[in-house]
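In the part that follows, the structures are each spelled out as structure tokens.
In what follows, chain A forms one complex with chain B and a second complex with chain C.
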Partner chain A sequence: MTATALVQTAALSKRAVVRTARQPANVVFPLIFPMLLFAVNAGGLKAETQLPGFPTSSFVAFALAVPFVQGALLATINANVEFARDIQTGFLNRLALTPVRGIVLLFGQLGGLVTIAVVQAVFYLAVGLAFGVRLQSGVAGAAMLLLLETCIALAFASLGSWAALRTGSTEAVQGLFPVFFVFLFLSSMNIPRNLIEADWFRWVATVNPVSYLIEAVRALVITGWDWETIGLGFAVAAGLTIAGFALATHALWNRLERT
Partner chain B sequence: MLQFSVENSRTGSLRGVDAPRENSIEAHGLVREFKKGPRAVDGIDLRVDPGEIYGFLGPNGAGKSTTVHMLTTLLPPTAGTATVAGYDVVKEGPQVRKAIGAALQEAALDPFLTGREHLRLQTTMHGITGEERRERSDELLTRVGLTEAADRKVKGYSGGMKRRLDLALALVHRPRILFLDEPTTGLDVQSRTALWVEVGRLAKEEGVTVFLTTQYLEEADVLADRVGIIDHGRIVAEGTPEKLKADIACSTVEAVPGDPDQRGAVVSVLERFGEQTTGYGPGSIAVQLTSSNGNLAEIVRALDAEGIVLSQLQIHEPTLDDVFLAKTGRHLEGAGDEEEQESEPELEPARA
Partner chain C sequence: MTDAISVARGVSWRVLHTFFTNKAFLLPSVMFPLFFFTAFVGGLSRISQVPGFDFPTGYTAFQFVFVLLQSAAFAGVFTGFGIARDFETGFMRRLMLAAPNRSGILLGYVFSALVRWATVAVVVTIVALLAQMKIGGNGVDLFGLYVLALLLNLAGALWAAGVAMRLRSQQAAPVMQMPVFLLLFFAPVYVPLNLLEGWIHGVATVNPITALLEAGRGFISGRPELTLAAFAIAAGLILGFAAWAFRGLRRAEAAG
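After this line comes the complex of A and B, so read on.
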């Protein structure tokens, strides 16, 4: 990527961040909603820690992984609704009329979204620390957690960008919200997979890639440097990113018919 | 096609040395078909000379925006060829985009960014950075009269301010050719006039070639050096506004009978001088005079001879609407409304 392309990517990312920051609903909701769900789960499901084989005595620490994934999902939905709006209003055409390369438009969108997701992750981490959670992986683990969050956000962001570019419809992107949440709820978000009794649910949670993302975050919080789990989380995020990016690039090519 | 080949071979000799090319626009047999739709553009030939303001006049759905999208490289033609600034719109899209500025039909702005932030983003996309970026932004803000509003979010701008910002954004990289797609639609008279002044200045003082689509007769008449009238994807007339009007060379007489019972008699007399036409005031009778048939004095004498009393009698010089009427059998105003739904279905393009 050339220096000019990098500057252009940074400018588009900055625009995505500024646009989000100037819409209070897009700032407050992704911060508050995951924390509310976190509080409800931490209060209502703490008896789970009594189950034989439960990996920690602190359900707060166990549940802290969920906001990281949920926050990335919310950032994805919000940012890609705006991306679809750019298509609807013709803003994308305005950018397409400049000499900027198509891929830079996509990188700019993804860069802004990832920045927002990482800022949110810092907030969730701060709340977790304030509630007494201590990362078993230490300070370096916090840095790794933010790196993992970057990868998770990139995975969701590329899939969300594909939806925005494919449909060009804000409604269609908003429609992804429940779909993503079905994946979240059918994962190991509330209980370790090995403790799920219903066979079908355990099977679904096992084939659900979201489980591996949550478990990687959770490992850094409650286990420490469990490289296998962490590596699996990164691998799943990378796989989703590659698939999402390939789809988004193809959709961008179709969307921008420019010669 | 022959003309295009010559043009291509001329520009081809410059390739590789990045020499300045002619600021002209040429299209030959340009066609755009949409999936499940009619041909939005159906074989357009045109040439716009350097520094010229070319008005592309037509009703809604006539194919104006589709033509602009093809000439600005946003949409590949289904058939035909076009060069803009000497570059082929299909084969040399990036070079075309460097040479042109465009303000498309919707002033596509981000409501959450300020005017200055828009300019900063646009200049960056054109590879302009640093001090030059700041200077150019300030200069354009001043030129379009948005200096005071520069740091306000665009969602608080009026329609005229948004259009002016849109124009400024199209000019950040000093384009040699400017495409304006219905730039004054929805603007009040004051904003419209201000935009006309700026567009005129760009062409006259800076030599910018302007391709302007409009559905406003007055806009084409006042602003354009030459006008192309498009209907159903085809250019039905082209020339200077004066020449187009002179070609049909027939004025229209409009009369309002003093006694409504004499309406039939008025029609009968006026029809001796031409064909009845529509689109004038309620209760009036209008006749488009055949080119050499009668003048106002003769008409008055004929009406007087029949003992007809009029409350009003006017003669209208030909307008571009008369040209449109002569070429298509319809008035421009409202002509596209009934066809809008089936024309220009741009959201569902067929891959070329």
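After this line comes the complex of A and C, so read on.
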């Protein structure tokens, strides 16, 4: 990537961040909603820690992984709704007439989204620490957590950008929310996979990539440097990013060809 | 009165026609309760092995009651979304001009919420029975459970209608949805009240939905408890939110 392309990417990323920051609902909702679900689950499922084999005595620590993944998901939806609006209003078409390279449009969008997700992650981490959670992986684990969150956000963002570019419709991108939500709830978000009683649900949680993202974050919080789990999380995030990015790039080329 | 009924019939027919013919409205209403039922029953059934969890008819029945009440409340809230949409599109203004009795408009929306929920309840019940849910209660107990859910549906619809009549915008959706979501989830959703600890126990104890949930679970297990309190709370919610909704209607009329 040339210096010019980097400058263009930074400018578009900044625009994506500023646009989100200017809409309080897009800032507050992704911060508050995961925290509400976290509060509900941490309080309501505390009894789970009495199950034999439960990995920690603190359900707050166990549940803290969920807001990281859910927050990345919400940030993705909100930012890509705005991206779809850019397509609907013709902004992307006008931008395509400038010397900005197509791929920079995508990098700019993803860069802005990842920035928002990382800011959210810092907030969730601060809330967790305020509620007495101590990362078993230490201070370096916190840095690793933010790196992992960046990868998770990038994965969701690239898939969301593909949806925005493919459909060019804000409604279609908003429609992704229930889909992502289903993936979240049909994962190991509330209970470790080995403790899931129903075989079919354990199977669904095992084939669900979101389980590995949650478990990687959770490992950094409650286990420490469990490289296998952390590595799996990064691998899943990288796989989703590559798939999403390839699809988004293809959709972008198609869209720019049409214009 | 005749005018109100004929207006209510017209409004509810229109709402229900839209609901049953548009997949975008029908599917989420049916799928979300099913999804919660699946996720909770499938993923969390091991919780029934926690010491102190003594619900006699198993975790499927335990969660079924929550999902049934949740679907009832949200069918009411979704009706409020429809009212807000009708304000935004200008349909409500025309409806108010045409209706000889405007209270019938509100009654029509509330009746449509009941039918919407009844549809969802049938689907959720069939799925629960297919999932081999155990039922300890008799016919009267089950009747009590469904009536309780129906009352919650009424309360939810009146609450959301009151908000929609005042704010008259689809942007009011979180205002309708979030308090209901919080009330439902700050009740003993996953485990009985006695297994909750700390702040959530305190919140659940004073949460009115807790009594409804516990009464519903008493009905399905055949060990009714808190029945009178639950029906009194439901009646109180309906009366309070009926006043809220009708005053909202008057405000909407005044706003033109």
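Here is the rule we go by: the second predicted complex is superposed on the first by the 257 of 259 C-alpha atoms of A that agree within 3 Å, B and C clash if a C-alpha of one lies under 4 Å from a C-alpha of the other, contacts with A are read in each partner's own complex, and residues count from 1 in each chain.
We adopt the following convention: a residue touches a chain if its C-beta (ideal position, glycine included) is under 8 Å from a C-beta of that chain, and two chains touch if they have at least 3 such contacts.
These numbers come from a predicted model, not from an experiment.
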Which superposed partner A:172 touches (first chain B, second chain C, both, neither): neither
Touching partner for A:44 - first (chain B), second (chain C), both, neither: second
Partner chain in contact with A:235 - chain B first, chain C second, else both or neither: neither
First, second, both or neither for A:7, with chain B first and chain C second: first
Touched partner set for A:90, first chain B, second chain C, both or neither: first
First (chain B), second (chain C), both or neither touched by A:247: neither
Which of chain B and chain C A:18 touches, first, second, both or neither: first
Chain B/chain C common contact set on chain A: none
Interface residues, chain C side, partner chain A - complex: 28, 31-32, 35-36, 38-39, 41-47, 49-53, 174, 181-182, 185-186, 188-191, 195-201, 203
List of chain A residues in touch with chain C within their complex: 29, 36, 39-40, 43-48, 50-51, 178, 182, 185-186, 190-191, 195-198, 200-201, 204-205
Residues of chain A defined as touching chain B within the complex: 4, 7-8, 11-12, 15, 18-19, 22-23, 86, 89-91, 93-100, 168, 257-259
Chain B - residues contacting chain A, complex: 72-76, 89-91, 93-94, 96-98, 100, 102, 104-106, 108-110, 112-113, 117, 120-122, 124-127, 129, 153, 169, 347, 349, 351
